[in-house]
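You will see subunit A twice below: alongside subunit B first, and alongside subunit C after that.
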Partner chain A sequence: MTENYQSIGKGVIRKDAWEKAVGKALYTADLPVENLSYGVILRSPHHHARILEIDTSAAVRVPGVQAVITAEDIPGEKVFGPLIQDQPSLAWEVVRHLGEPVVLVIARSLKAAEQARESVKIRYQELEPVFDPLEAVQADAPQLHPDGNVVSEIHVGDGDPEIGFQEADVIVEKTFSLPRISPGYMEPEASLAVWEDDGTVTVWVSSQHPFTDQAAISAALNMPVDRVRVKGAVIGGAFGGKEDSSLAILAALGAWKIQGTVRLVNSRRESFLAHPKRHPAHIHYKLGARKDGTITAVQAEAYMDTGAYASYGPAVAMILTETMTGSYRVPHVRVDTFVVYTNSPLSGAMRGFGSPQTHFAVESALDMLAEKVELDPIQIREKNILHPGDQIFTKVTINDSALALTKCLQKGRELVEEFRAVPTPEGKLSGVGIALAAQSMGLGANVPDDSSHKLEWAPDGSVLIYLGSPDLGQGLAAAAEQITAESLGIPFDQVRSLPLDTLVTPNGNVTCASRMTYLVGNALVDASQKLIQALLKGAGRLLDIPADQLNYQNGMVLKPDGSEIPAVEFISRLAEDSITLEAESTFSFPYPEETTPQHLPIGMPHVLYCFGAQVVRVEVDPDLGTVEVTHLAAIHDVGKVINRLGVEGQIEGGVATGLGYALSETMLRKGESWVDSFTEYLLPTALDLPENYQTIILEVPETSGPYGAKGVGEIPLVPTAPAVANALYDAIQVRICDLPITPEKVLGLNKVS
Partner chain B sequence: MQEFDYLRPRNVAELKENLSQPGARILAGGTDIIPQLRRGKSAPKILVDTSGIRSLRFIEDQGDRVVIGAMTTHQEIAESQLVSDLNPALRIAAESVGSTQTRCRGTLGGNIANASPAADTLPPLLVYEASVLIQNLSGEREVPLESLVIGPGQTALEEGEFIHSISFRPLTGRWGSHFIKVGKRKGMAISVVNAAATVVLDKKGSVSKARVALGAVGPVVIRCRETESSLCGKVPDRKVFEKAGEQAREEVRPITDIRSTEEYRLHAAGVIVARVLEAAAEQARGRMG
Partner chain C sequence: MKEIKVEFTLNGEKIALQSEPNRTLLDVLRQDLGLTGAKDACGGEGECGACTVIINGRPVNSCLVFIGQVEGQQVTTIEGITPQEGYHPIQKAFVEAGAVQCGYCTPGAVLATKALLDHHPRPSDQQIRAGLSGNLCRCTGYNKMLDAVHLVVKGEQND
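Moving on, here comes the complex of A and B:
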């Protein structure tokens, strides 16, 4: 393939950049509508309580109130959930976490709605809450659901760990604890629902999967799916936290109840309590190796806190489990993972999906091992990394893209040396650390993972993409436009993605799992070919030449005599005859026989992986315990760059998220409540990012990807925290096993005296 | 949010009138009070917006005193050559407040009146023994800053009173001042503990006067008087300052909260007291007598 691309690999400015920068972009909360009613939610003030009585009599009398809705009023399904339908849209009988929705109030004004909310009287009987998954699995723990507190468990292994640990000369064993992390997106959840005169409902969502919202609304309202139309407005970030339906169901319910227009917007506090967060987890990790550093065995046990409802917990557990050997060859493995209900706010999908938790354990343990066998962190990794064709303990065979690991380490070695040469200021101690990462792409074998998208060639020659999966702000639309432009040989500016609308857009499936450029790109490469065929067919008819004697190149139709006619001439002529040139294509995530296990030791193995490494230099103030990341290099294989600016943006943003995980973010319980504002939930600011930062992009082509591309959405945040912890150890020989790394922990002053 | 009336006086005379009404509260930069209103932690009947009063926004060298108007923003203080020359600790503190946006809105008067134990401009003002000019419809009074702030979120301001300006006497001779803050991140960090110090050296290079103040280690920002007096007459070196840090730990009562632990605060307080004194002494040594 020649590398003479017009669009692919360039750094294009996204078409939504300007309107977002100047504040003109319309998010769901901004959409102008007439006759708007306001919805507000009365949420549980308790972590765990029985609802004895809900008295709405005073609330309904508040002037301006149109509806006061409880679970009883829901005509259809009262519960929802992506994997297990266990989450009430409005709680009845019992509330299982602080902030759980109980009553929905709709009123003519926000003030009236808020006043009515205050007038609802609920009598609760408080129940004992449980917050730690290790406590929740005990027999005498408060039970949250009829089938007990364990939502799901995975037990998987390969070889015989007992033999593996016998073969080992050294063993590293530690328990790692991971905090509750919020995706911290700028736009809190919002939904706008309009009840139409024809008995249909149109709902705007800020969601990663509007088609799931459509199904959930249809189930809750007990009306056919085709009477529910869901539209995507501009989305202000999601990072996994907008995979679950929530407000969309309630907004639609409100609109149905009053036969009007209802908007719901979560406050920041509501958002913190309501949206799914990264699972807190305890991972007990045991690693055995020979004297020469060759790993012989891994045994791990993980307990994940999924909060009051399952959300994506069981699926997150899969990737958490599957990545338990990281980027390394391990002959004998045993992993036991438990997903546990607690009275904490929901955990679910979040960028990385289980892999950040595991990598903190794996990559920390590897450095501990290196020290014991007297190898340096690069050597221990070189000795154990996966190579193309290796089979991991899930029986998945790693494909040729594993070459990237070797390249990442080569580059990593150079950077470690470079960072070590940086002088350390007086009074500080410095250290350098590295971590590798493997992040799966795709939803997993046996999970339906089809993605459909449509192209239309407009009479003016521009091409419209009916993008079936929403752009969450990460730049999916631009990548789709570049791939389409390249495939059709037309300028990037001539291609435009349309906002999602379930009425006219095909189902592109949920935007997640580092697979959008890959899925959408593949579908659009194919749709472009189909579109060209449709053009040639139409042109053939107009020219009275068999279509197979015509050719197409760069916006031109080539006749057998060698002459060229601009495609737009045919497209506009065909439009006059009411013929629209369009083509739809579905791409299904491939699970090739050679790499996918036939007998599945695990429910839904992931077979395609992204790889990367990060090298970090820290300066530690040994008296204050403060840790500053001064240098960071992020080395990531992306297969092939589509939008250079987009790839860099994803990596830089991921690194920032990773640094937050490492050093400052945690949603602690705070008295009777939880940390629920950005005053106390500490995202890194621009000043907290390393002064010396570099992105190093590797391109090891993924043959199944569009133009060789694979994903980069999640992996940039995965190696960051362990790389920081390893650098800290290098600096002061203190090993932190529970994130975030705080000065208190560095000095051992985190206990209350 | 509770409903309230909104007034925007154009000058100090109007401000006095407006504030004399029951339930009136000042809205200066709004960086503290707006979040408090949103969270229902404050419910004034009338909000009096002082952002239009130019005469409360100044930094002046009045010979024996530096006077700063209550409506002066942190950004203005951070950029002021006068403050930088005469109270470097205050400049550093103002520069460390929040983000650029916070500094361009938040005011010195608001920082004081909000009376947070972690307020960053209080330690530098306390070590300069600043006083506050308070006015109301019937007159004015001047009080030491130290007696104005009486508890977390509590001041000795009476209904109808407002802070007009803050003033302090510049140090003379061989002096230095410095401020250090420990936060949980670099940008937009609320102090886990903060400290300011002034050191004046005599001709022989011994400490003739030292002032130390610590924040976020008790209900209010406090002066560490025993630490100060223990330094008198000492020849400053690292050992002396480390001992001063240990002494300062005896004078504070930090608590454990969401931001940090009692143990860590106590430890860090000692570390930064030693460092802030050392930096101030270093400055003093560099200054001609």
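Moving on, here comes the complex of A and C:
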């Protein structure tokens, strides 16, 4: 490669790492404030119950208590929700899940708030709960909402599966069950709201979309949006789970009620019970193929448990549906997906957004097919993978990114052979497995999918980025700074991202969907060009030379006579005249015209895909049923590396989350409650990592991306679980179809279905 | 509840404070002393390690320690290992290795590493993993934390 980038592709050190390493980074719970009042939430002790009476009379008399707030105190909208406004900020009449907020207590001290919370008396009449989406769709199931328990359904197809299955010599048919997964970010949800003297409210959030919070607060408090200012504190991870509002609304409500300052911080238990999880799902998957291994048809039916409120369920269902043929060509397809209300804890957005669920089914089924037609796992995939120009069943044409699939399999074959050569210790059985993955980028056609960001050239020559979408911890700010530095030809250290503040920051839209490097990068490349034009215009005025006769390069203005003047000289002179050099740009995710609903069988198709593969070696103890992942190689196409450390970090962290999905994580119902702590919900630790791990980065340029870059946020966790399941089968010929893979299931001792 | 007087050494300085005895060291650090480098991520169950401090050379979850228990003890927090200027070599290694993403677990992981290296200046890979196994991280997959520890160890070798 002949590229000679200054910032792009380097493993630059993100600037926020220093304050984080010394413990000085201020997360929402850390922000120092004066006259703080403490908010606590009284939550439903029942899965499903009618609220007969809320008696707050004793609570309000607790010394130090400032407000005891119920739904009827909310001056504006009492419900919120990103797609369907069905979730009460505070429940009234009915509670639909354990841990649902009912009463908000504000007090001068945490102790007083907790004491008052205990003094609130609520009479409930318990209602029958339903927890399984397959049961919830039955006619006699308890109904959670007036329009029934099916929130949304998708029925999409291409070709004729009946013909496809007739053409098939071999059929694989299985039901796969996927568990409830916590995003598991280390920082529980928190919000701090300050009621200002001028009648506005300032709210700090740990949120993926502060502008949604702003709108939700404005609606709940029935006050204009411009009187609500939302600021982003440092965020301790989000992974999709912080796309929904909730605490921000309640903190603002508390601040409004007492005309003071209120902080709310969820405990881990509250976070488990009340914030969105990865959807549990049942996927019935049927795959037909010719005896040479060519896939002829896929038919799938999926039931997703979205919990008591819709959250992002209907959108998750889209990607779950769209990825139902994985990375493969399938001529005849039928997918029916149902998003179902239950009395389970909320499910919503989580890293992967439906794709991890389907890939467990698709990639397990591919290996089952391989065995039936006597091909190896690489051969069956080589035979069926997508190639550039192929159209998938959503009528979306896959671009050159599909080249990555061929490369993934080439590399995958080498790794499979390498892992097979590893000796197996006595008493253990070993196996090697592979899985491919496809993950869409972007929100999907026909929903607003754009992102605005602003650059300002400060008089000292540094460039400030008003980053319109928050950095969740993944390093978005550093990528934005690198792209800006490269585009302006100035050093990385000279560019700095500012914390999000809805008062001054453009709306960059929600940080999610593997699209931020792509959207933010494209917007900043464009903003950089505009900034240069603004500079040349200003310089031209000062020099009395037409701007179009000036040029710019690497921080210097070039005059027609060939002499160079540092840009900072013009910027500081212009600042003296109160002229600020700034440029804003909006980048809209490009959706081809043919992706409009009338052309398509699905409402919001995703058109750009990321591809990857993972190869896993496991050692199984046949007596204990334990599965140890000894080797793992993650191969991912990122288009173009922006920050090498960041890309590796995304992949490594994603793999760990994928291993948790495969082997240990599940938020089970436990007696009358749910698993709600890290004591029983087992996130992988440093001891659970494969001893031999490698990241292999492919760079198949995405021509529409900044410097060729695309997203990598979600895909690294997608192929992990099926690769582990396939390796396990390779080792001991036990096919696990419900995650996580536990020793009991490996030994066939699992009593639960 | 009646307050008690507690005297201990915090980050090298003797301090005395009044507190109700049933409060945790984590709460006192964060709420009374303004030392917010120690975090609460698991709800006071000692499961996540985000509140790790070093007490008499050992890494301890400060959410599991009642304030009265530190009477006469040596307590070191993330603020205490950070030099007036610059950074502790472990902090530097975490940053340079890319082991810091959201950062919420970082102070605890840095202190766990310090306690590990104080006892095992040349740890094996397995000792590093075990030393960090009490510190949950959802962002990094731990790989770069292991790299960071190796960086520190190598740095010492060069000295």
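What we mean here is this: the second predicted complex is superposed on the first by the 743 of 753 C-alpha atoms of A that agree within 3 Å, B and C clash if a C-alpha of one lies under 4 Å from a C-alpha of the other, contacts with A are read in each partner's own complex, and residues count from 1 in each chain.
In the analysis below, contacts are C-beta pairs under 8 Å (C-beta built on N, C-alpha and C of every residue); 3 or more make two chains touch, one makes a residue touch a chain.
Quick caveat: nothing in here was measured; it's all calculated off a predicted structure.
Novice: I'd like to know which partner A:542 touches here: subunit B for first, subunit C for second, both or neither.
Specialist: neither
Novice: For A:685, decide between first (touching subunit B), second (touching subunit C), both and neither.
Specialist: A:685 contacts both subunit B and subunit C.
Novice: More residues of subunit A in touch with subunit C or with subunit B?
Specialist: Between subunit B and subunit C, C touches the greater number of residues in subunit A.
Novice: Once chain A of both complexes is superposed, is A:429 in touch with subunit B (first), subunit C (second), both, or neither?
Specialist: The answer is neither, since A:429 touches no partner chain.
Novice: According to the stated criteria, A:624 is in contact with first (subunit B), second (subunit C), both, or neither; which is it?
Specialist: first
Novice: Please work out whether A:25 is in contact with subunit B alone, subunit C alone, both, or neither, and reply first, second, both or neither.
Specialist: In the superposition, A:25 touches subunit C alone.
Novice: Where on subunit A do subunit B and subunit C both make contact?
Specialist: On subunit A, the residues that contact subunit B in one structure and subunit C in the other are 679, 684-687.
Novice: So in the complex, the part of subunit C that touches subunit A is made up of which residues?
Specialist: Per the stated touch rule, the residues are 30, 34-43, 45, 47-48, 50, 77-79, 82, 87, 91-92, 94-98, 100-107, 110, 125, 128-130, 132-146.
Novice: Using the touch definition up top, name the residues of subunit B that touch subunit A in the complex.
Specialist: On the subunit B side, the touching residues are 35, 99, 182, 184-188, 190, 256, 258-264, 267-268, 271-272.
Novice: Inside the complex, what are the residues of subunit A that reach subunit C?
Specialist: My answer: residues 11, 13-14, 16-18, 20-27, 29-30, 32, 183-188, 234-237, 239, 267-269, 472-475, 645-646, 648-649, 652-657, 677-679, 683-687, 689, 691, 693.
Novice: For the complex, give me every residue of subunit A touching subunit B.
Specialist: The touching residues are 623-626, 628, 663-664, 668, 670, 675, 679-680, 682, 684-688, 742-744, 747, 749-753.
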